[in-house]
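Below is the structure I would like to discuss, written out as structure tokens.
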Amino acid sequence: MIYLTRRECFNAAHKLCNPNWSDEENKRVFGKCANENWHGHNYELFVTVKGTPDPNTGFIINAVDLKNIIQTHIVEKVDHKNLNLDVPFLKDKFPSTENFAKAIWEELQPHLTATNYQLHAIKLRETENIYVEYFGE
Amino acid sequence: MIYLTRRECFNAAHKLCNPNWSDEENKRVFGKCANENWHGHNYELFVTVKGTPDPNTGFIINAVDLKNIIQTHIVEKVDHKNLNLDVPFLKDKFPSTENFAKAIWEELQPHLTATNYQLHAIKLRETENIYVEYFGE
Amino acid sequence: MIYLTRRECFNAAHKLCNPNWSDEENKRVFGKCANENWHGHNYELFVTVKGTPDPNTGFIINAVDLKNIIQTHIVEKVDHKNLNLDVPFLKDKFPSTENFAKAIWEELQPHLTATNYQLHAIKLRETENIYVEYFGE
Amino acid sequence: MIYLTRRECFNAAHKLCNPNWSDEENKRVFGKCANENWHGHNYELFVTVKGTPDPNTGFIINAVDLKNIIQTHIVEKVDHKNLNLDVPFLKDKFPSTENFAKAIWEELQPHLTATNYQLHAIKLRETENIYVEYFGE
Amino acid sequence: MIYLTRRECFNAAHKLCNPNWSDEENKRVFGKCANENWHGHNYELFVTVKGTPDPNTGFIINAVDLKNIIQTHIVEKVDHKNLNLDVPFLKDKFPSTENFAKAIWEELQPHLTATNYQLHAIKLRETENIYVEYFGE
Amino acid sequence: MIYLTRRECFNAAHKLCNPNWSDEENKRVFGKCANENWHGHNYELFVTVKGTPDPNTGFIINAVDLKNIIQTHIVEKVDHKNLNLDVPFLKDKFPSTENFAKAIWEELQPHLTATNYQLHAIKLRETENIYVEYFGE
């Protein structure tokens, strides 16, 4: 079992704000992250697949194919977007880094299941000081 | 003459969109950066002062004082904000990285002029692939 | 189960020197790290908690709360300190990176135990080439 | 159980090309990586050992000893070399990052087995966007 | 005058070997870099243009246009190539980092001369420890 | 004229404390940096030489020679040392980053003066947020 990780980057806006709460409550819990006019981040996404190398290529999965799957199913949907407003797969989900990472797993998992490999981990870095990991369970 | 640089980080939303242009024209020139619902970045700001060290401290400027000046005059005004909507010193300025760096210089310069040092450079990194520098002229 | 990691940085002095050994023995085993007048590092500390996001916030733990816990219980006690002389929680412990990481776990673990999350890992980077991880057992 | 990781760097040339395939097939599968005149990378190798600290030193393994083992058994054999032509331990192995990481494990494992520690992981970064991990099984 | 820098990355093989010298002389001067079967690097290229922002866009040059110019005139010619064998613009040039940076300037300069901006600097990083800069004179 | 930069790293302890001042005054000006039992840093040193490439090698200066000069004249004297106590070339100098960078210039300059190149800049990074540059005048 070998683990291959590919990094892709994107930039997006969001805010953290519970629609069932008052402005004061949102401000108290989310602080600056609740700013009503949004803020944003340069996200770094690390997608890890695990599997057995194909004897003909030495690859678990061709890293170019992995890049294309991440681009098609995630980056094109979130890059230069507003995570609260523009992203169908985040609709009705609260865009914390935790929930965002889990939602990325659910988008990618059907496209990263094969005979010799499967999705292992999503790591999503929001700033140089904060990142989240999800392993599917 | 010695040069001292301090880095501070902040996160903000913006969009690039000329209000005198049609949507098509904005899309053609600014591409994804014109997304009407905003996007955002983790900005890294590098402020360089140049001067002669004080013989009593060995400092051009105390790096803690420099940090406090950058925090007060820039970071508190832009961190977790919308650059197009929330920032008085960017009002009526188009928030390209170029214009943003120049506006930061203009905000900081009066607070970084002293007998033994002066502001030398603003470097503003928008993504790991793009940064802008301004030297005041 | 989702994993959230927060990075905090600090600077400290230490030396590696077994008080039961001769200077020659310390020099032979610890090399430059035994320099009697100390040396120091910029440490990077990564604290990982694992848990289930709160449905109201999307957070396992508010990253600002996590930061404050790390600052109060670790950074304020070690930043700009001498690890051999100044840090009560390292008293009588040999300040190798391994022992330091384990001691940080023991300091933080009581403050990172809650209904929906718990401490998962301490990662401590001493230089760009060396880091240590501890998972509590 | 504590985990200690040491990073070492090296630069090497390689190409990805299945000798049983036509040029067209190699081009189709490996793309630019099949360029017959080679390309190359700055590799970053992270070697993780796990164990119990020695009470006299606080070390799982002296990081200088770990460095020397990695230098002797890996870096001296691959640094400024051609992975397809110059490296005995890669002979008849297809130099994908996956296979290279596994081969490094096999070279290092006999030299990193001791009473109080053992090899835990090989992480090999080929570019800032791609890395592979192997845990020995 | 504002300075805008864009980073692009590529991977290439090369060797340092003066064809007028004996193998011994090449080995003595170039050491491991003279390995006859090549070695390689992940290069980071930073291209800086200087100019005045266009009042309609806030841009000195659209960073996407700058990216495309660098991709077309440099990256497509050197990525996954052998610098000694495959690159017309390096023909008969000794591929030291110094000469390579100067050759990149000469390739890009005609495409980065405009009414409101011009090429200012080429910075080429060969490893994390070595980089070269050229300012056109 | 081409500029070549080489990075070398070292770890050292120091404190900032004016011997002519009271403890209170030192605490007020230098804050945590005045801790009497020292603190320390991982320093990154960037040495830039400028010159004309030798036509036989393509080098301004062989990067291995540059490394050896920096190692001999700086790193061996400061690595794993106390900057206030152990370093002859810093004796009677206040070890602020500013003064340290200037002292490194004075140590290296006589060894980096040649027919075809000369020392251009010293850049010394103390933390990821602070660095100093000196150009010899």
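In this document, chain identifiers A, B, C, D, E and F correspond to the written order of the chains, with residue numbering beginning at 1 in each.
Here is the rule we go by: a contact is a pair of C-beta atoms (placed from the backbone, for glycine too) under 8 Å apart; a residue touches a chain by one contact, two chains touch by 3 or more.
Computed from a predicted model, the values in this text were never measured in an experiment.
> Starting from the defined contact criterion, work out which chains touch chain A and chain E both, please.
Common neighbours, chain A/chain E: B, D.
> If we define chain centres by averaging CA atoms, which chain lands farthest from chain C? Would you check?
So the chain farthest away from chain C turns out to be E.
> Would you mind working out whether chain C and chain F touch using mostly the same residue numbers, over half shared, or mostly different ones?
Result for this pair: same.
> Any idea whether D-E or A-C has more C-beta pairs in contact?
Counting C-beta pairs in contact, D-E comes out ahead.
> Which one of the chains is farthest from chain F, going by Cα centres?
Checked the centroid distances; the maximum from chain F is A.
> How far is the middle of chain D from the middle of chain F, if each middle is the mean of its Cα atoms, in Å?
Once rounded, the distance between the two centres reads 34 Å.
> What is the distance in Å between the mean C-alpha positions of chain B and chain E?
Each chain's C-alpha centroid was found; their separation is 28 Å.
> Identify all positions of chain E at which a residue touches two or more other chains, and write them in rising order.
128
> Which pairs of chains touch each other in this structure?
Pairs flagged as touching, ordered by label: A-B, A-C, A-D, B-E, B-F, C-D, C-F, D-E, E-F.
> Which stretch or stretches of chain C touch chain D in the complex?
16, 18, 20-21, 29-31, 93-99, 101-102, 128-135, 137
> List the residues on chain F that touch chain E in their complex, please.
1-8, 48, 53, 56-60, 62-64, 67
> List the residues on chain A that touch chain B in their complex, please.
For chain A paired with chain B, touching residues are 9, 11-14, 32-33, 35, 37-42, 79-82, 85-86, 127-128.
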